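Next, two complexes with subunit A in common: one pairs it with subunit B, the other with subunit C.
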Partner chain A sequence: MTAEVFPIMRIGDTLLISLQGELDDATVLRIEDRLANEVARTGATGTLIDVSGLTIVDSFIARVLTRVVGMIRLLGSHAVIVGIQPAVAITLVELGVPMGHLHTALNAEQGMALLRRLRDHGDRAD
Partner chain B sequence: MATELTDAEAVVITISAEADMILVRQMLRAAAQRIGLGLVDQTKIITAGSELARNILTYATGSRGTVRIEEVRARGRKGVRATFTDEGPGIPDIEQALTDGFSTNRSLGLGLPGARRLSDEMTITSAPGSGTTVVIVKWAR
Partner chain C sequence: MTASPVGERDPGTRLRELEAMLDAIAGYALIKLDLDGAVADWSRGAERLLGHPAGEIVGRPFATFYTEEDAAAGLPASDLAAARETGRAETEGWRVRKDGERFRAATVIALIHDDDGTATGYAAAIRDVTESRRAEAMFRGLLESAPDAVVIVESDGRIMLVNRQTELMFGYDRDELIGQPVEVLVPERFRARHGAYRGGFIASPQTRPMGTGLELYGRRRDGSEFPVEISLGPLESDRGTLVSAAIRDITERREQELRLQRQRDEILELSTPVIQVWDKVLALPIIGTLDSLRAARLTESLLEKIAENQAEVIILDISGVPTIDTQVAQHLLKTVQAATLMGAASILSGVRPETAQAMVHLGIDIGRLRSRNKLRDALQLALRIVADRAGSSQEAARTVMGEWPA
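Our next item is the complex of A and B:
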């Protein structure tokens, strides 16, 4: 049903992917794979993962997002999750998904600013 | 306090493939919107349903089960009730399965305990070898 391909855009040395609609597990895993490969291929120093178009993030989707952020870190780059909807944030906290260690920002603009600080100062930027 | 069905038609969905999880989410959203659940409560019950549907795909025999989605009423309030049933191996220790971080498949182990926190009511009926039924309810405020 969702054979959707989410384009990965490149803005300078930053990658941006916007996730939308209903994600099934296979789609989430494909996105994880493509993002990690794209960071390695392009040498991007930062990645914004925009989830503002997701109305549901369950524990599986959250776990894969957390994992891809970790992979990108291992590649020597940074990733920021932006645009988590308030209802999704409330639900994730109640669900108990550990996401507190992730870099997050309210929107893409603040995410770009956070990426700049991460590039300049590493993990102590926020 | 008796919980009654409303006149709205129940929806029964067979869960046997990943794509069915999306249908479960969509049908839960439709029911939640019909009874007037707020956005946060809609998100909670859909997410709880997504966790329980994934449990069926992960644990049930033949990765197969059903969900029945109904609108219910009690004490003048409307609610959404979703009943997830499978013929799987059953849960030997329900208390353990409801513990955060307990998992038999290396997941985060948040499925059942998370679904319970996101629902207003949850009951589990299960015994080894006789399948599992999980019922969740979310009430409109």
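Our next item is the complex of A and C:
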């Protein structure tokens, strides 16, 4: 299988990465590595993680998302997950995955707005 | 046999023994006819079966035992002619006893020759088969009148017998099916598997439904398929273990189930209406008791509407819910969590004083969920949240566009 490429786009001081298909351990590690380096290199203040293209979201993916968000925060940037589909949201709630601390938005536009609020008000905004 | 070799005995004794043997054969009427078809000799069995004493019947025509219609149609003569032509004729038909009672008889007529090959007469053996024919007719009748298609399959998988229903259900004539592998009635994609399952049934034959838990399909002659339910049963016979399969077309039942399911869905749909009250604001008035099924359905339709309308705020109005217990509260909180994951803010509305008390006493933690007493207040709050978000959205857009290289 060829390694999937997840392009990281930069819009102003925001990074956008779109996760698609199925994620395996190796791919996740590669994404974490590149994303951490990009956030550090560009000094982006916010990162949008688009998950609308993920075919499967289980507790593994949920842990991955939590990890990626934690990593981005440690680098001093804000992270917003966008595009969680209805079925995915139900699955995550039913699995009981603690995701309350994550910032989420419906789409990229609303995600950008949320990042803006996060930058202005710190972590108290939602 | 312990008797001494036949040749050692006096021919007279032998003849008497033979005669005794013939008379001892019960259930058969043995009749000797001359070449003209008149009775020449008459066994005890014939007397028992047909009722005529030997003294009365000798010299009477063979047609005496036929029904009037058959006699008029010349059947006795043609039966004898057939025997004369080929040496032996087997027929089955109605015969008449002395008292006029009719019975179903199987008759074998053989031509008798003397030592130099000249035909001297006929030997006829008549057997009463009324009972076995009746049993057979009963079996056929049962088979044909069965509401299900019945297919009887030999242990090698070939079709031995089918009933009328099978012809109607599958669109084959029975002649086309007899001798064919039973798999012709199975859709192509299941055929290989069916062969293996068939072996399994022969290995441990017992009456049971086929493919428990599976959706079974039959294949018509024209290739179309229909859902079926099949019961299997073993039939021990002289040809080994046969398998009888009763096949029922359940198309109608399946449709009815679907219709019921649709109705149930519609009722659930009606009981969980999601209303768009404002741009990007959805309201969900919950009325009545909230059980797990309804709660799941509610969450589902709400989340779908969020995605569809790109809603940013949802109002859950619980003024129509009679009691909030732990379970209902859990359902509500799960819905809120799922909506939050999608990026929509939730507002609870319609919390009555007693509900608030109950929830606090139950120790239900609503977390950061906003709550308003009246729907009007909840809507106001919703609009403010949307406005705030829109403001920051515009700001965000300005920031981005401003930094975009001109």
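By our rule, the second predicted complex is superposed on the first by the 125 of 126 C-alpha atoms of A that agree within 3 Å, B and C clash if a C-alpha of one lies under 4 Å from a C-alpha of the other, contacts with A are read in each partner's own complex, and residues count from 1 in each chain.
Simple rule for what comes next: contacts are C-beta pairs under 8 Å (C-beta built on N, C-alpha and C of every residue); 3 or more make two chains touch, one makes a residue touch a chain.
Predicted, not measured: the structure shown is a model, and the values here were computed from it.
*Asks:* Between subunit B and subunit C, point out the one touching more subunit A residues.
*Replies:* Touching more of subunit A: C.
*Asks:* In the overlaid three-chain picture, which partner chain does A:113 touch, first (subunit B) or second (subunit C), both, or neither?
*Replies:* The answer is second: A:113 touches subunit C but not subunit B.
*Asks:* Just checking: does A:90 make contact with subunit B only, subunit C only, both, or neither of them? Give me first, second, both or neither.
*Replies:* In the superposition, A:90 touches subunit B and subunit C alike.
*Asks:* Quick check on the superposed pair: does A:105 touch subunit B, subunit C, both, or neither? Answer first, second, both or neither.
*Replies:* The answer is second: A:105 touches subunit C but not subunit B.
*Asks:* Can A:32 be said to touch subunit B (first), subunit C (second), both, or neither?
*Replies:* After superposition on chain A, A:32 lies in contact with neither partner.
*Asks:* Both subunit B and subunit C touch subunit A; at which residues?
*Replies:* In subunit A, positions 85-86, 88, 90, 94 sit in both the subunit B and subunit C interfaces.
*Asks:* Quick one: which bits of subunit A touch subunit B in the complex? Just the residue numbers, please.
*Replies:* 1-2, 22, 24-26, 55-60, 63, 85-88, 90-91, 94-98
*Asks:* What part of subunit C is in contact with subunit A in the complex they form?
*Replies:* By the definition above, subunit C touches subunit A via 296, 299-300, 303-304, 306-307, 310-312, 334, 337-345, 367-368, 388-390, 392-393, 395-397, 399-400, 403-404.
*Asks:* For a test of understanding, state which residues of subunit B touch subunit A in their complex under the given definition.
*Replies:* 18-19, 21-22, 25-26, 39-40, 42-44, 46-47, 50-51, 54, 100, 107-108, 110-111, 113-114, 117-118
*Asks:* Name, in rising order, each residue of subunit A that touches subunit C in their complex.
*Replies:* So the residues of subunit A in touch with subunit C come to 11-14, 82, 84-86, 88-90, 92-94, 99-100, 102, 104-107, 109-117, 120, 126.
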